[in-house]
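In the two complexes that follow, chain A is the common piece, with chain B as its partner first and chain C second.
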Partner chain A sequence: MKNKVLEGIKEKANNVYRKILKKKAPELDLPLRSLSNVKYDEKEGYFEILGKKKERTLTVGTIKTFAQTLRMMGLSKQLIEQDDIATKREAYYVSKNWKEAMFKAQPESDTVMDDVEAMMMVNREQLGFIPEEKGGEIAGKLIVVDRDPETKKELKIDCTKFGSGAYSIPISVEHLKFETNAKFILAIETAGMFQRLVKHKYWKKANCILISMGGVPTRACRRFIRRLADDQKLPVYVFVDDDPYGIGSIYRTLKVGSGNAAHINKYFCVPQARFLGVTPQDVIDYKLPTHPLKEVDFKKIKDLLKNDPFIQHHKPWQKALKQMQQMKVRAEQQALCRWGLNYVITKYLPDKLKHPEKFLP
Partner chain B sequence: MQDLLYGSKFFKLSQSRGQQGIGVSASVLYAQLTTGKPAKITSKISPKHPAHYYELRIDTKRNRAEEVKDAIVDWNTNHGTKIELEIEGDYLKGSQSVDQYIKQIVIVNPHVKLIYVNPKSEQMLFVRATNKMPPRPVEIKPHPHGVELGILIQMLKLTDTRTLQAFLTQEFSRVGSGTAKQICENAALLPNTKPKSINREIAEKLLHGISQTKIISPPTNCISPIGEELLEKGLRKEINAEFYCATTRPPAVYRGNPFVIEAGIAYGGEQNAEDSVRVLRYANRVPLLYQQGACAITKSVINTVWRNYGLSQSRGALPVGPATIVISINSVWVPFTSESKEAIAHYPEIIKEIKLALQEVGRKLSIYIHKKRKIQIEGAKRSYIETYIPHVAEALKDLVGYKQTDEVKVKKLLKQILEKTRGKLEKIEIENPDYDEELAKIGKKENKEEQKQTTLEEATKNKK
Partner chain C sequence: MKNKVLEGIKEKANNVYRKILKKKAPELDLPLRSLSNVKYDEKEGYFEILGKKKERTLTVGTIKTFAQTLRMMGLSKQLIEQDDIATKREAYYVSKNWKEAMFKAQPESDTVMDDVEAMMMVNREQLGFIPEEKGGEIAGKLIVVDRDPETKKELKIDCTKFGSGAYSIPISVEHLKFETNAKFILAIETAGMFQRLVKHKYWKKANCILISMGGVPTRACRRFIRRLADDQKLPVYVFVDDDPYGIGSIYRTLKVGSGNAAHINKYFCVPQARFLGVTPQDVIDYKLPTHPLKEVDFKKIKDLLKNDPFIQHHKPWQKALKQMQQMKVRAEQQALCRWGLNYVITKYLPDKLKHPEKFLP
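Here is the complex of A and B:
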């Protein structure tokens, strides 16, 4: 597998070299990673990348990234050949040796890294790059079957036995196996809400697995949920804030992937995810305290309605977002505390879970 | 000879010199007042005749010229006139100086050879840039639309004609019998009225009648403009710039007087980009050095939108940029704001023509500036792209695994490809063989010396 990636990188570089020898302008064609270059098919269940390309060549706008892309490919080749790894941050620091072609900030180097990934149509781990981000946390009725890094012996991790703590999802999850008798997975936006549910052992009461995403879920977290849900045939319920970010970024990315990572959405999506709450209707039904929507929120709603293929596919979502637009307010998960700190455990979640068919798609 | 001491505009209408603001009569008078010495004039009309030598004074009581001396002398020249005046004055440098005046004279009179010796006994020789004499302006009769009431009354008194119709057709240009009848009708006067019998009130009626009548524009061969080519040549001599152009407008008319506006511009080169543009004003080839702010020429420069042509400009101010603008008005009767003849009066027709001339040169200037900017931007883009060529070559070396020599080759090839895809970089060649460094120096303040002085002063201050 690794050799194939290596051959691919060399092949792309040789194409560039051959063009130069023929005195023709060399170029690299990279898949366009954006919402405008994906389509959504409910049967497929994720944002599938289309054929639009962006070109990097000897022009003012693209020459710098052209050189940087080649440099990044060179770094990847070196990592694969030497069986080494570099974090995204480390790759950024390596570029500091590239003089004019160095990256000014890490987002620049991350973008070029994702471009190489998309060009080769592989996962960045296969290129030798690893992220630094934490994958998310697990508590509840789940036994993760891992291997000891040294002895390679099977290692069973019981996620009920972390007390007030939790199991951390590793960066790579492909080798994990699962044992569980839980009924569903509950993916939660904030660490605070996760802590409350862990503290009161909600997973025992509801017979479920709790996952803290900590904002937009990382690739590892998405992949973990996907594998677990596929493997154990479990429904996935998502519990986030009632705002354009919770719906449009966190839930949408978990379920169908993102425009930015369009080339790998196939592996990093959870099509079985359903939206438990908080919905705009919940704000009315549970009389939740709210905050006014800001200018950026209205812009995000408009953008979702106009440009997001996922929202455009699902009428109920358009309705919900328009409702939010009209209410002009947002509500956080924690707003449920208005009715008592544990109202969420005693009333809200049990109420909601009685009718999973009413969850938004 | 005494004719010299009268104004020249009462008896003929044609463009001529003599509008410098200080005419020969004033010069003689000024010399007499400051040094008490007479004007010395030597004149010879042909090799066959002897030369005359006069000494001339002005009798200030009777306001008449007085010949103090009249003698026949030997003068070893074919023909010519020599005038000597001794005047007291300060010898200054700068924009309003004799030096500057003479220099500007040279710019618009390329057919003149001038030798100038300043009070420091430094001799300067201005060689003529062309042997072509400007065509001699033709004398014309006044145009009815240009005549003022007082002059009309004077003309009516002096005419030999017997009827009003004959007076109109013979004393004015562009008036035939048909037009004359039309004027009489509009003025409600009979064509056979005797001119000498017309009094002031009736003259006023006649003038009103003239203003009501459509009359063809006056002939324009009475004007002798400098010409685009020679104007540009003059600019090239004085200013070491990158771009020159000049234009001559077709003749136009204000109040019955034909006039021609010419404009030129010299851009870039050694001129300061942070200063306001320099404006050189001329009336019938005579430089106007004073009262710049009150002049219709300055107003027209300010009212032209120079930002469209690539110069920066704040509202109500002269444009800023490395440029010199020349405007010349040529007319049989240049309207000045005052008797000192320092600024052109604000006639809408004149301002409009000046603006049109400026727009014409402005358009040519903007084409040049945009081209220059485009080339500069293209050059910057290329050098930006070229910065990354070594990085592409080095990265490919890691990826493809070629040798050091191949890396050099790839760099060379990439540069060739860049040249091929973007085309050859255009270059603007600047050469100006006409530029005359000596001329350009004349009249300029010696900045370096001033600076030295101030630094010396500062140094002594610091010591104290």
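Here is the complex of A and C:
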């Protein structure tokens, strides 16, 4: 994989070099990154990028960006060759030594990095660039196979052996391998619910892998779930709050990706994800305490129904969101505590897991 | 410890019960929680609560809060006895079954929980109440001794064995034990810098424990560092951005706690913490790229100089903040990349660690 990316960079650079030798204006092809250049196909399972391209030809007007793009490709080459990493922020600071090609502000270098990512048709992590933020914790029936960064020796990390703690997903997960006999992955919105399930070793009872997303999952967390689910052919069940944010931001981003990162959804979506709960119907079935929806919630529901290709594709989601609209309330995962702190373990999750076929798509 | 808290709850409850039997109005004593009831003493090392108390006597006007306080004490007793946990949010939902003593909104139940915490003079975690959020990751020369939540068997978690990943600090850390021969703890602001040091196994070179705080450290993270540093008699060096937020929010909160949580600073402060950098002087010495301070930054500096008892106590901090004010710029940890991605490992940290006595207090 690494070598393929390296070769790709060298090839693009060589094309530029050869054009220059022939005294022709060199150019770089970039896919157009915008919603007008994506489609949603349930079979593919994510917002897929279409064929539209923009060309960046070397002219007086583009010379700086052109040079910066080549420099960024060079930095990526260096990172891959030296097995090193750089955050977006660090890459920006490295450019302070690029003289005239120096970036004035980070948004500029971020854009060029996104361009290189799209040009190579890989995700940033494969270029050696890592996100600033991390997130995502694991407990349960999983052995993560990493390697010692120094000796390159294999390291087996047993996620049943963390007691009340957990394994924290690294920023780059491309090199990890997995061993498990778990039946499914349970992706959880809040750290508090995760801690409850860990405390009571729910992963043992249910034979599963618990993942705490801590709100909208980071790139590393999404990529980790995707790679794990693909590799081990595991279903992914998502357990979040019953509100437009839990459904439209957390779940939707995990499952199909987002609009403004269309060129990388392919790597970061988890098409096998299914929505366990909390659903608007659960609020009725389990008589959960609720909070009234606010203006901003109603707006988000309307927006999802009207503009989101994923929701528009799935009738059951339209029905669920309209039900929430009519009920005028939202409910949190923790609302299950109304029936006892561990009702979620003794009743709600076992009930639900009897019928995964009923989970929302 | 657990038994002491249990006995304390029972004793307070018994006092109420006995008063009622004698047909007298029962009362509960609570320390006053406000800045007017704290002092800063360098020897103690944190904002310490003074003796002022408020009394909550049972009257027609206080009957609901009084009942809620007793109920909350009861919930805590149950949690401790059953070795269970509850987040603030969960405790609020549990109250939905308390009939007339039900809380209408979570701020009400949070206040009562804070009251019980202050009344028992312990931290919330010792009452079985855990924070919603977690945070804090560990890599390096440390073995955390936890226990299996089910079998209670000892579990040794070796933080040198996670490859590119890390150990994620659990929400409650009271029961953890530690084994280490590291020389110091390095607490780091950003996940990106942490990942760089992990990637290059800096903890091995420097014989230390790396902790990623991810911005302002959570309660669990602060308590973990405190317990680890006390238990193993380790110095704590803090490595954050050179800006009023890194100094006045992240570092200050880690070291001495905060004003509005005075009754628990005793448990959550890390008095042994010292400020490694980035300092305003580093910006000059290492010729770091900077960003101009904004209006809000200048305001925060003024506020720290004028109102913060910790800054007022330490001349070197006043000097450093005034220097920042005059330089009119801030600098990030990542700015060190200007001299190469791993300059921080080969030059900056080794340089600095030669003279810990020069670290800001």
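Definition applied: the second predicted complex is superposed on the first by the 247 of 361 C-alpha atoms of A that agree within 3 Å, B and C clash if a C-alpha of one lies under 4 Å from a C-alpha of the other, contacts with A are read in each partner's own complex, and residues count from 1 in each chain.
Please note the rule applied: contacts are C-beta pairs under 8 Å (C-beta built on N, C-alpha and C of every residue); 3 or more make two chains touch, one makes a residue touch a chain.
The structure presented is a predicted model; accordingly, all values stated were derived computationally and were not measured.
**Student:** Check the residue A:P107 against both partner chains and state whether it touches chain B (first), chain C (second), both, or neither.
**Tutor:** The answer is neither, since A:P107 touches no partner chain.
**Student:** On the A-aligned overlay, A:P350 touches which partner chain: chain B = first, chain C = second, or both, or neither?
**Tutor:** A:P350 sits against neither chain B nor chain C.
**Student:** May I ask you to decide whether A:P316 touches chain B, chain C, both, or neither, giving the answer as first, second, both or neither?
**Tutor:** After superposition on chain A, A:P316 lies in contact with neither partner.
**Student:** See if chain A has more residues touched by chain B or by chain C, and give me that chain.
**Tutor:** Between chain B and chain C, the winner on chain A residue contacts is C.
**Student:** Once the structures are superposed on A, label A:N97 by its partner contacts, choosing first (chain B), second (chain C), both or neither.
**Tutor:** Touch partner of A:N97: chain C, not chain B.
**Student:** Contacts for A:E137 in the overlay, against chain B (first) and chain C (second): which applies, first, second, both or neither?
**Tutor:** second
**Student:** Tell me the contact category for A:A67 with respect to chain B and chain C: first, second, both or neither.
**Tutor:** After superposition on chain A, A:A67 lies in contact with chain B alone.
**Student:** Given the touch rule stated above, what does A:P361 touch, chain B (first), chain C (second), both, or neither?
**Tutor:** It touches nothing on chain B or chain C.
**Student:** Touching residues of chain B toward chain A in the complex: what are they?
**Tutor:** 381, 384-385, 387-388, 391-392, 395-396, 398-400, 402, 410, 413-414, 416-418, 420-421
**Student:** How about chain A: which of its residues touch chain B in the complex?
**Tutor:** Those in contact with chain B are residues 9-10, 13-14, 16-17, 20-21, 23-26, 58-60, 63-64, 66-67, 70-71, 73-74, 77-78, 98-101.
**Student:** Which stretch or stretches of chain C touch chain A in the complex?
**Tutor:** Touch residues, chain C against chain A: 84-87, 89-90, 93-94, 96-97, 130-134, 137, 144, 146-150, 155, 157, 161-172, 175, 190-192, 195-196, 198-201, 204, 214, 289, 332, 334-338, 340-342.
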